[in-house]
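Listed next: structures, encoded as structure tokens.
Both complexes shown next keep chain A, but they swap its partner, so chain B is in the first and chain C is in the second.
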Partner chain A sequence: MNPFISIMLLSTLVLSTMIVTISSHWLFAWIGLEMNMMAIIPIMMKKPTPRATEASTKYFLTQATASALLMLAIIINLMYSSQWTIMKLFNPTASILMTMALAIKLGLAPFHFWVPEVTQGIPLTTGLILLTWQKLAPISILYQISPSINLHLMITMSFLSILIGGWGGLNQTQLRKIMAYSSIAHMGWMTTILLYNPSLTMLNLLIYIIMTFTMFTLLAQNSTTTTLLLSQTWNTMPIMTTFTMLTLLSMGGLPPLTGFMPKWMIIQELTKNESLLLPTLMAITALLNLYFYMRLAYSTALTLFPSTNNMKMKWQFYPTKQMTLLPTAIVLSTMLLPLTPMFFILL
Partner chain B sequence: MLKFIIPTIMLMPLTWLSKNNFIWVNTTTHSLLISFTSLLLLNQFNDNSLNYSLTFFSDSLSAPLLMLTMWLLPLTLMASQSHLTKEPLTRKKLYITMLITLQTLLIMTFTATELIMFYITFESTLIPTLIIITRWGNQPERLNAGLYFLFYTLMGSLPLLVALTYLQNTLGSLNFLLLQYWAQPLPISWSNTLMWLAYMMAFLVKMPLYGLHLWLPKAHVEAPIAGSMVLAAVLLKLGGYGMLRITSILSPMTEHMAHPFLVLSLWGMIMTSSICLRQTDLKSLIAYSSVSHMALVITAALIQTPWSYMGATALMIAHGLTSSMLFCLANSNYERTHSRTMILARGLQIFLPLMTTWWLLACLANLALPPTINLIGELLVITSTFSWSNLTIILMAMNILITALYSLYMLITTQRGKHSHHINNLTPSFTREHTLMALHIIPLLLLSLNPKIILGFLY
Partner chain C sequence: MSLVHINILMAFTMSLTGLLMYRSHLMSALLCLEGMVLSLFILATLTILNSHFTLANMMPIILLVFAACEAAIGLALLIMISNTYGTDYVQNLNLLQC
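Up next, the complex of A and B:
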């Protein structure tokens, strides 16, 4: 893409999220979300293949619907509170509508259907932006309206997300769809704790972004988009197999890796609030996620996947792709557990 | 406790920076030296524990288990030398690193004071074990074995995390030393039933209990020798250790809740021993025998009498050494014939007579011959279960009989009788293998002179 256009779009993307996070007027936040959507659509169409067009169209339709619902909720809130400040909502209808609108934007179940299809149609780095950066704006609004969100709606949606994120990813071989289902499940964990302790939502979001960034960067090194291609990384970059396996195990939430930290903190917070069955069910459902991560870890690092003899003898060139922040990201996504107390000071 | 943990962690730079010919020598020697330092833990108080710091402590229950763990690392390194000869150097070092990581995590698990620290290191031992089984196992079934191992253990232990966090919120601290004095009796109710299950399932799956034991034959059979040794000798004992610790805060619920699990373990002990009589696969036989011995430990831990706790501890140590030795012997067979089928390598006494001595001693220890500590453990457990219910003596007697049967069956099939024709050109035993067996059996025999050390904290 023309570098000028690219810079303009990326800066609009960053600017729009900043507008959403710093605004105190509902209209301004809505404008930020619209700008966000508008900016990312051309980025998704970098290579104008029919698949990318389909993905962009689906993204546009769902996000536009969500923005319309959001506007409706804002107006109802205006009707009942006569002010436009972003704070807790004053009407249960407005609260439910806004929660659902933001759930559509985030990709929480039962509004998750667009996430795998959109993620699959776009290149890896754009998928990274979609699954990490695009979550910041809706979660910041959710954080601000969290005192008024309906508990039942939220818990239902988040538990359903964890279930669907786990189950949906089981039948996938395309890595982008796997990351999409992983995103749905992690969003479920994040929104569960929103009504009890929103700082933990932020912690989970931070750790999730680090881990997803690591995963996507590792995948982009070899431009692998399917499990089959992933199984051939041992040939070109053997050390990447170890890192991919460790990051996958971390995303599955296994101690002593970082991914265990948000799950542990969320379980602790939920038990402090006297709900014991919910965290148990959530933790057990997260094992579904772990299953397909394990499958990927197997095909990458632990076994020699069946492949033709041609593919076993690749040339090992010096890597020319830029590994932006990859070593930092890998260390952060695997070794951060002993630093858990630090995050309570940060947040 | 850092005097054990830091040297063990430093074994990793030792592996990676040693000269090529010296990796095995260096790591084995240094891990042997580190294991000698663990003998310092024998200086236990009778009525208290050695509290080294806020995070680590050791008492008469964890000290023998710790010594077992640390003794086992040089043995696993010695046992792995032969099957890794053909691997490139980096992979050898990776394998040793996995063993060392596992060792560090096990030391931290056995000495953890805070129960969440125990939980985290308990779960963390899964990852190196999984990598050892899946990466270095020999058959395609190892993939399934790794998944079964991981998921069975995780399904059991995730409720434990929730239960431990709940306990922290109600009691205020999960420091084990404080917990012993602060614990309130757990009244009998439906929700407390679920709580009891949440605490115990993790350890019951790890032990394993008879109905949840499916992962064990798979994992033991498919793992390479070091994996099998460390699984059988130490990882199973993690479950036993956890149960012995956690039952102290769960009374009087345990008397009410333990009945189904007692039935399962008593029945399972006989079932798995009987299955051993029909096994063709040598490693599978030893794996099922592990389930059978551990069922005794579960029974002992659930009855909660002083003698049963002593028996459980003694049985854990004894079984650790015996089972590990049996796996080493099976591996020496495997390395020669590349098959685990028992009848393919029979009549070995003619060809490898000195190995027969080790086979004999291991099988005799397995069937709990006096005066080994296996017998002391089993006898204490049998007497205490008899006091719990008179009828169990029938089951226990049957178990002893069937254990003796399959141990002798294993001995006679592999050593005695007419040899098979294709094994005339077996390589003779290496000194390394003899050293390995000797280092297993000598502690076992010496402990029968002073079993007081391994009788746990209710002695």
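Up next, the complex of A and C:
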């Protein structure tokens, strides 16, 4: 892509999320979300293959519907409070509509159907932007309206997301779809705690972004998009197998690694608020996620996948692709657990 | 909530239902999207004029600007699909099924 256009699109993408996070006027926040959608669609269509076109169309339709619903909620809020400040909403209908609109934008169940298909149709680095940067703007709005969100709606949507993220990823071999279902499940964990302690939503979002960035950068090194290609990493870059396994286990939420921190904090906050059944079910359902991460880690790092003898004798070249921030990201996504008190104080 | 407001909200709901339940053409989804934004424009204008909120008189026009940009993107994507398949039938968008 022409470098001028690329710079313009990326800067619009960054600027739009900044506009949503710093605005105090509802119209400005809505404009930021619109700019966000308009900036990422050309990025998704960098190579205009039919799959990318289909992914962009599905993304566009869902996000445009969510924008219109969001604007309806804003106008109903205007009718009942006659002010445009972003604070808690003043009407239960507006609150429910806005929660559903932001759930469509984030990809929470039952509005999750677009996430695997769109993530599958776009290149790996664009998928990274879709699953990490695009979550910042809607979650910042959810954080600001969190006092007025309906508890039942939110808990239903988040628990359904955790279930669907777990079960949906079980039957996948395409890595981008696995990452999409992992994103749905993590969004579910994040929005569960939104009404009890919104700072933990931000903590979970931060750790999730670090882990997903690590995972996508590892995948983009070899341009691996299927389990089969991932299982041949031992041949081309052996150290990547260790890193992939550690990052996958961290995403599954296993204790000595960073991914355990948000799950632990969320379960602790939920039990402090005397809800016992929900965190139990959430912790059990997280095992589904852990199963398909373990399956990937097993076929990548722990066994030699069946392959022809030709493929076992690859000449190992020096890597030519730039590994942006990969060592930092790997350390952050596996070794941050002892620093948990720091995060508690920071947020 | 007065009858006029209920009328416009019904228009929005009809367009939303049309967007969610279109049968074969992608174009009808884009048209329903425009219908939704148009009903939002009317609703916003009514609310703002009714409460004499003069400072917010610009808001519906700005809304319309962004809706027009969105429609342009939608049409551009429709043309890309039409380049590949010749029609805009939605049953053609099945390459990425789970």
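To be clear about the criterion, the second predicted complex is superposed on the first by the 347 of 347 C-alpha atoms of A that agree within 3 Å, B and C clash if a C-alpha of one lies under 4 Å from a C-alpha of the other, contacts with A are read in each partner's own complex, and residues count from 1 in each chain.
Here is the rule we go by: contacts are C-beta pairs under 8 Å (C-beta built on N, C-alpha and C of every residue); 3 or more make two chains touch, one makes a residue touch a chain.
Here the structure is a predicted model, which means the values were calculated and not measured.
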Put chain B and chain C onto chain A via the superposition and say whether they clash or fit. fit
Is A:Pro256 in contact with chain B, with chain C, with both, or with neither (first, second, both, neither)? first
Would you sort A:Pro306 into first (chain B), second (chain C), both or neither based on which partner it touches? neither
So in the superposed three-chain picture, is A:Pro341 touching just chain B, just chain C, both, or none of them (first/second/both/neither)? neither
Counting only touches as set out at the top, which of chain B and chain C does A:Pro3 meet: first, second, both, neither? neither
Of the two partners chain B and chain C, which one touches more residues belonging to chain A? C
In the superposed arrangement, which partner chain does A:Tyr291 touch: chain B (first), chain C (second), both, or neither? first
To make sure I follow: the centres are taken over C-alpha atoms, the vertex is chain A, the ends are chain B and chain C. What is that angle to the nearest 10 degrees? 150
Would you check which partner chain A:Pro279 touches, where first means chain B only, second means chain C only, and both and neither mean what they say? first
Output check: A:Gln268 vs chain B and chain C. Expected answer is one of first, second, both, neither. What do you get? first
Smallest inter-chain Cα gap (chain B/chain C, superposed on A) in whole Å equals 25
Residues of chain A that touch chain B when the two form their complex: 249, 254-256, 260, 264, 267-268, 271-272, 276, 279-280, 283-284, 287, 290-291, 294, 298, 301-303, 337
Within their complex, state which residues of chain C touch chain A. 1, 5, 12, 16, 19-20, 26, 29, 33, 36-37, 40, 43-44, 47-48, 51, 53, 56, 59, 62-63, 66, 69-70, 73-74, 77-78, 80-81, 84, 93, 95-98
Listed in rising order, the residues of chain A that touch chain C in the complex are 27, 30-31, 34, 37-38, 41, 45, 48, 50-51, 53-58, 60-61, 64-65, 67-69, 71-72, 75, 78-79, 82, 84, 116-118, 120-121, 168, 171-172, 177
The residues of chain B that touch chain A in their complex are 105, 119-121, 123-124, 126-127, 131, 134-135, 143, 146-147, 150-151, 154-155, 158-159, 161-162, 165-166, 168-169, 198
